[in-house]
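The following block contains the structure, expressed as structure tokens.
All chains are identified by letter, namely A, B and C, in their written order; residue positions are counted from 1 within each chain.
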């Protein structure tokens, strides 16, 4: 380790370098993180306050709103739904993206690859307000796009009640999530495919006569752990924070079957004016995030810092 | 070989990076310049192109009205003639109404610059969000659109609005509008906003073609309604008798209210939403739920995925025959080329045993700490004026707040009739639960329960759920401010 | 024989997948060319009686200012976030200071913060710094919320980068700063690109903060699209047209960045 020495010119130069290192690498990160956490602390504090109504009320109220929150059945439904989102949303996206990214790589650098890769991202380039509306039209049971198409193809038996059926609504919403995030997932995976060593290994394997699938599982997968990790955390975060899809397509309905924590938080804070309750829900989201984050953190810490 | 590759790459990379760096820096600079520029732009008196229509409309109708005196005080040198206003009329007919508002205002006070912040989202859903954040941060506009009722109370309790009793006295507004309407915006004995219209909640719209084909008349109570829906279902099995779209949840409460009002009567209705009657023991509530259960099979089943406008669309497309919606649906139908009295008919429902109008209002008040109080008062005076209400309400789809405006100003017979009725029976107006009597913390959750009921009608569960809601959100205390009749 | 069956099955699966993926786009295009009353008929798959290209003219008039606004805001916020993300990520992965571990944990959790939770304090913060209703305020807000993600994304990438390059440069006497800008960053181009794409999209599509902190001068496109549809009249046709027009910006952005993506490797190594 470099020591902050003084007197000796080489150490002096190291000191100055150290200052510039601090300024450039450390301070900005610290600055932004500090402000962000100031806002997080505010949220945590408000969850213990008495803020209901439009104007801020910061007087201490203890666990009052937590008690209320846990007594509402809606909270429990939300947590269950969020967990469903986490499991059913994240893993399929990962797998589908993996196969598709690999498929695109195999297909090679033909003309138009850029265009294809750009088009893959089109779901993310249109505002969710529009894509959400479109998907709610896709899912309408009587005249919606999917059922109409099935009828046209004489496949009426496949028709579904989609999001108007409380039992299956969540899964149809998750399908939208997958549709939205596939593009990103493919991009990230392709970025990790493109490291030079991996390319060399794959080339070697191909020369040795390994099949495509074999190459995927034996060689590529173990070596893109970093990329998969990034992708996984990105998807987990998006699934935990999901709001837009629920807001536009079902508004939490029918009943509370598609309600999620972030949506309940929005309603509580801004429509019911129960800001403290909203803060409690935000804290629950943090807690779940923390539980999720701990394995990732431990893993990364082990790898990075030992 | 390896190192050579790297060096080659490094050089072209460096070019790439320096270009990227230059781009980044220039973007950042642009951003900062634009940001600073925007900041100053926002505070200079740059002319705002909100008034794009230069119509010279000469009013030929003479309206008998008590003159509203405009007190011309000597202008305080400090205050800019500017009005910062929040509203949610952003597109189509609403946009025209907003433009009409500002046009009339500018006619009366040509020296004012209007800075508007329109936030789309029916009923002010998103508007509420922005307003809450801005108010909490101490950045109020001069005035904002609000529904009156419990929502208004939330702002008053927060100390964000200034009482304007003196303005009301000056304009004699309390005598110009129905008393229940004035009560909607009176909290703790003080007036806080100036209502500019009345939106009626309990209107039944119906497809004229279907009705005349089957020889049906608009139903006036529940029994007639059941007859009508059965007739439609029998004769035209492909059409749903009653359209509904409960995505935003409140639409379900509209249907329930229409039934509940008949069963409970106006006093029962008000008592219920004030938390004075216990859902568990109130026979009206239970009966109304059971009647709704009876109606449920005739309601469009996929309502949880439709918004209110899409449910009205079901009527236009011929998939459904009727829909319960507020007066703002008139604007929707008009945008689809349907006119009231021709393609569709509309009646308030129920009309027996008593014809009651459930309504709420769009109104404007004055913010505490408003940047431009004098201009704001001029605005409020304009809002109360007949010219304003004629221009705005006709376009937007509500009824006039003022009683002294001729109902014939409306182009359609439906609203003419409603306005005349209101004129002769101003006491028949009640604040609806949308607008609302009970606090919003309750109302939101209540809507959820009602929407769930229509999906799966479980009367017992709903009764206990609603009873719990009344307790959890302390409705009795929070709604005590509202009075109607003897309640 | 087996191979061709697998091939057909794969092709079928691919076809269904493409259909599912592209159908929404088709509906958007169809709807944008209709009139409001035709949309009410809910014949989503069929085009209207006439193709109303004038919808696009109208939509463009309504939305072009917002598209410019969004471009400025999103572009600046993405550039700044990615830049600081790179620096921060490098710090987290290379500098083993005592504070690195806790800071890393905080940064990663920081990614999970939902926007709704911080909306109110954010606006209060903006108000006190008098930046509330300006471009700068919006840009700063987005940067605040995205630097954690950028740092983590870049950090994970840097971790996977072998240290030999940097170590040899350090032996040659280069400072960490020089190493970062001259040596590491060029190699990290694919990571920068991916991060930029992700952050750009998140900001471009963000609604709540855009809604609260914008003024009629600075309205981003997400808010504008909601306005175009309107509260009472549901003008979906104009909204869809505007959405298509505005999507050209992010798509162009993605297209332009692809260049830096491909150069990152011995391209074509996987050509079968």
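The rule is simple: contacts are C-beta pairs under 8 Å (C-beta built on N, C-alpha and C of every residue); 3 or more make two chains touch, one makes a residue touch a chain.
This one's a predicted model, so the numbers in the text were calculated from it and none came from an experiment.
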Maximum inter-chain contact count - chain pair: A-C
Per Cα centroids, the chain farthest from chain A: B
Where chain A and chain C are represented by their mean Cα positions, the distance between them in whole Å: 13
Intercentroid distance (Cα basis), chain C paired with chain B, Å: 34
Residues of chain B whose C-beta touches two or more other chains: 129, 132, 136, 319
Chain C residues counted as touching two or more neighbouring chains: 42, 120, 226, 229, 266
Interface hub residues of chain A, defined as touching at least two other chains: 140, 143, 266, 269-270
Residue numbers on chain B that touch chain A, as the complex places them: 125, 128-129, 131-132, 135-136, 154-155, 157-160, 246-249, 301-306, 319, 440-441, 444-445, 448, 451-452, 455-456, 472
Interface residues, chain C side, partner chain B - complex: 36-37, 39-42, 72-73, 75-77, 79-80, 83, 119-120, 123-124, 126-127, 130-137, 139, 165, 181-183, 185-187, 189, 208, 211-212, 215-218, 223, 226-235, 238, 260, 263, 266
Contact set on chain C toward chain A in their complex: 20-21, 23-25, 27-28, 31, 42-45, 84, 87-88, 90-93, 95-97, 100-101, 103-118, 120-122, 125, 143-145, 147-149, 151-153, 156-157, 159-160, 175-177, 180, 190-191, 193-194, 197-198, 201, 204-205, 207, 221-222, 225-226, 229, 236, 239-240, 243-244, 246-247, 249-251, 254-255, 258-259, 261-262, 264-272
Residue ranges of chain B touching chain C (in the complex, touch as defined): 5-6, 9-10, 12-14, 16-17, 20, 23-24, 27-28, 30-32, 34-39, 41-42, 48, 88-95, 115-123, 126, 129-130, 132-134, 136-139, 307, 309-310, 313, 316-317, 319, 328, 331-332, 335-337, 396-397
Residues on chain A engaged by chain C in the complex (per definition of touch): 17, 20-21, 24-26, 28-30, 32-33, 35-40, 42-43, 105-106, 108-109, 113-115, 117-119, 121-131, 133-135, 137-138, 140, 143-146, 148-149, 152, 179, 182, 184, 187-188, 190-192, 194-196, 199-200, 202-203, 206, 212, 226, 229-230, 233-234, 237, 240-241, 243-244, 262, 265-266, 269-270, 275, 278-279, 282, 285-286, 289-290, 292-293, 296-297, 300-301, 303-305
